[in-house]
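We call the chains A, B, C and D, going by the order they appear; numbering starts again at 1 in every chain.
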Amino acid sequence: MRAFRSQPELTTGRIEAFADGVFAIAITLLVLEIGVPHLADGESMLDALGGLWPSLFGYIFGFWVIGIYWVNHHYVFSLYRRSNHFFGLLNVVFLMTIAFLPFPTAVLAEYVADPAHRDGAIVFYLFALMLPAVTWSGTWFYASRVAHLVDDRLSDRFVTFLSWQYAGSAAAFALIVLVALVNSVAGLALGVILTLAYVMPPRAPEYREDSEA
Amino acid sequence: MRAFRSQPELTTGRIEAFADGVFAIAITLLVLEIGVPHLADGESMLDALGGLWPSLFGYIFGFWVIGIYWVNHHYVFSLYRRSNHFFGLLNVVFLMTIAFLPFPTAVLAEYVADPAHRDGAIVFYLFALMLPAVTWSGTWFYASRVAHLVDDRLSDRFVTFLSWQYAGSAAAFALIVLVALVNSVAGLALGVILTLAYVMPPRAPEYREDSEA
Amino acid sequence: MRAFRSQPELTTGRIEAFADGVFAIAITLLVLEIGVPHLADGESMLDALGGLWPSLFGYIFGFWVIGIYWVNHHYVFSLYRRSNHFFGLLNVVFLMTIAFLPFPTAVLAEYVADPAHRDGAIVFYLFALMLPAVTWSGTWFYASRVAHLVDDRLSDRFVTFLSWQYAGSAAAFALIVLVALVNSVAGLALGVILTLAYVMPPRAPEYREDSEA
Amino acid sequence: MRAFRSQPELTTGRIEAFADGVFAIAITLLVLEIGVPHLADGESMLDALGGLWPSLFGYIFGFWVIGIYWVNHHYVFSLYRRSNHFFGLLNVVFLMTIAFLPFPTAVLAEYVADPAHRDGAIVFYLFALMLPAVTWSGTWFYASRVAHLVDDRLSDRFVTFLSWQYAGSAAAFALIVLVALVNSVAGLALGVILTLAYVMPPRAPEYREDSEA
């Protein structure tokens, strides 16, 4: 029977496992960006570690951002039923924006306490935070509207809700980048608040009324 | 049937697999903190490698600490029956304290042989070792007392025993940090001894007498 | 029954999972090759990040290359039915050429904007891109012609097609290295185009007409 | 039924998956030890890369060593039937010696071309190669003789054969370290040859005659 032949296309399970690997590695690499402080003669360890607050903030917040994406990645993959070649590639592009995060985190840590370059570092950091929101939203758009990979028992209202939520999140980050161009610290604060809001659980899936039949 | 719909929340299996990834990466990154020695002209390789003892100690002990947490993570996950969104996030926070360990390990290795900064480096190291004990204990408290995610066939006595063990371990590390503020080497010795004690297997789960029915 | 004894040889599933780990790590390590820019006093962040274009190109293109190999690795493993010891070792050699890619990527990023060394850096980069194409093709040759590990229901025409495609891809990269020896930028352009062509999905497997019986 | 309760001890499958993660990470980290060459003005890229031969040898040979251990780790785990707490910890200790390998590889690459320190670097490298052979052999001894975790249908002759093979391999590396103390290059050559010999597949398991019953 044909049914016993291997599936040559990437299954969603396979993509999910690969993504989990990249999430786990990117989140763990963040620690490498914290440099061991070089203490001057009279300097205390406490002062030296305190001076690392930009690196420590970058580590904690970066861990939170990637952790949130990991949780939501599992959530959204519970809504997919099929996958295809381009969906797999779109996930590679999304992961490219996740695995990139240790770099802007290091740039932020290096320059956020430097008045001359703080603004540029923050704008770049927020721009980099916008990228996974954009590729996430694009992947969802492709899967739900173009290639119909999403579980077709989900209610249209629910799918539309998620589309707006994801596009809205990407748009909000774009707006935050614009805010940061005017006032970088205000932009960073908004970026942190928006990300912290994802502490709330995602909405439970809603199914079409006739989907039990 | 609803039963065939995907579980949108993180399963314990998924959290466990992600945690395993972070454990494996953090434990393997420890080796990157051992710098290749720069040998002076007449210096022998044996002397140079001997001079790396703080790095080698940091590698071996850090590997042991993370390995112990890995073993116990599997143990405690065998006691969970369910998971939820906040449980997943608490695990992210716990992993944040595990993946952080290569940094204090590097600080310890850099300064433990430097009389001027040894005390500060050891106190920071022990403080960092306390963090996973605290987040572990907090996750257990949430799972067992707040959200009731633990297998309800376990005896109350057993659940209470683990609660005391985990809270006690966190408290012991807090005490050890205080000891280290007075005498850093004594604090480090106590921290090592407490960790080595985890070579013993965790207590076998005990079930309620009526749980067979 | 013998059937219940463990399989002492590596299964294709085990090799695939290990390969996925190496793919995920190598792809995520690419970001470590992007160094945080050291800004001069009057220099703007935008200029500094713009000056990192070789590193950013290296990151994006390297991610794409490894991502493409990951997708195709899953595809080709759906065609295998068995594995053996040497097949496992050949996969180790293939992964050796994949995990190597962060190094030539770093060399390219360092020297592509340096007229004196651009040619050498590009030739080395393209040479390194050729290596996984060669080991991939060799592994396929071993599996399909020597050890007969491939699903024997696949049509001969299809297996031959893949053999030519994989050998052709390796030969094309060898040719591109030769082109780069004459004109490095033309070689790099050809290498990029050939890799981008893999955005197209691989050909669906074709089975022998009597394979349903 | 008790049978449905979770297994609180580490299963062999769980240990194997964790080990695979550490193998994959350690093998992929090897590339980070190859430093981008700093070219002098008139120096050609080919010369510079040629000068990296110790790093390239270290990468290729290190990849081979860890790859061989990965293949054999799967083989030996197909012979285990049970696991316990101490077996899990012994595997952590074994992985400690595997994840350590990038460091001696870096030391070798740094000093093998330096006549003043070549001998020391080679002895240290071979000593580090001996460590996983020793911990491997010790784990097998514990599993087969002390804790009886090995499939009890295997013939005694076969189990004894493996015990001798593993102990012999550890002893051979110890001997090679002694040889290297006298003549480092001869020691390195012997170490490479012994490792290359593992290209041969491990012996097929042999079962007791009455094990079918």
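Following the convention adopted for this analysis, a contact is a pair of C-beta atoms (placed from the backbone, for glycine too) under 8 Å apart; a residue touches a chain by one contact, two chains touch by 3 or more.
Quick caveat: nothing in here was measured; it's all calculated off a predicted structure.
*Asks:* Mind listing the chains that sit against subunit B and also against subunit C?
*Replies:* A, D
*Asks:* Among all other chains, pick the one whose mean CA position is farthest from the mean CA position of subunit D.
*Replies:* The most distant chain relative to subunit D turns out to be A.
*Asks:* Any idea if subunit A and subunit C meet via the same residues, over half in common, or different ones?
*Replies:* Counting shared over all numbers used gives less than one half: different.
*Asks:* Just how far, in Å, is the C-alpha centre of subunit B from the one of subunit A?
*Replies:* Measuring from centre to centre gives 26 Å for this pair.
*Asks:* Roughly how far is subunit A from subunit D, going centre to centre by Cα mean, in whole Å?
*Replies:* 37
*Asks:* Two or more other chains in contact with one residue: find those residues in subunit B.
*Replies:* Answer for subunit B, listing residues that touch two or more other chains: 21, 25, 29, 32.
*Asks:* Can the chain contact pattern be summarised as a line, a ring, a star, a complete graph, or none of these (other)?
*Replies:* Drawn as a graph, the chains make one closed cycle, so a ring.
*Asks:* So, with touch as defined above, which chain pairs make the list?
*Replies:* All touching pairs, sorted by chain label, are A-B, A-C, B-D, C-D.
*Asks:* What does subunit C use to touch subunit A in their complex?
*Replies:* Within the complex, subunit C contacts subunit A at residues 20-21, 23-25, 27-32, 34, 36-37, 39, 41, 44-46, 48-49, 59-60, 63-64, 67, 70-71, 74-75, 78-79, 151, 153, 199, 201-202, 204-205, 207, 212.
*Asks:* Using the touch rule from the top, collect the residues of subunit D that touch subunit B in their complex.
*Replies:* These residues of subunit D touch subunit B: 1-2, 5-10, 14, 17-18, 21-22, 25-26, 29, 32, 84-86, 88-89, 92, 95-96, 99-100, 102-103, 106-107, 110-111, 116-117, 119-121, 123-124.
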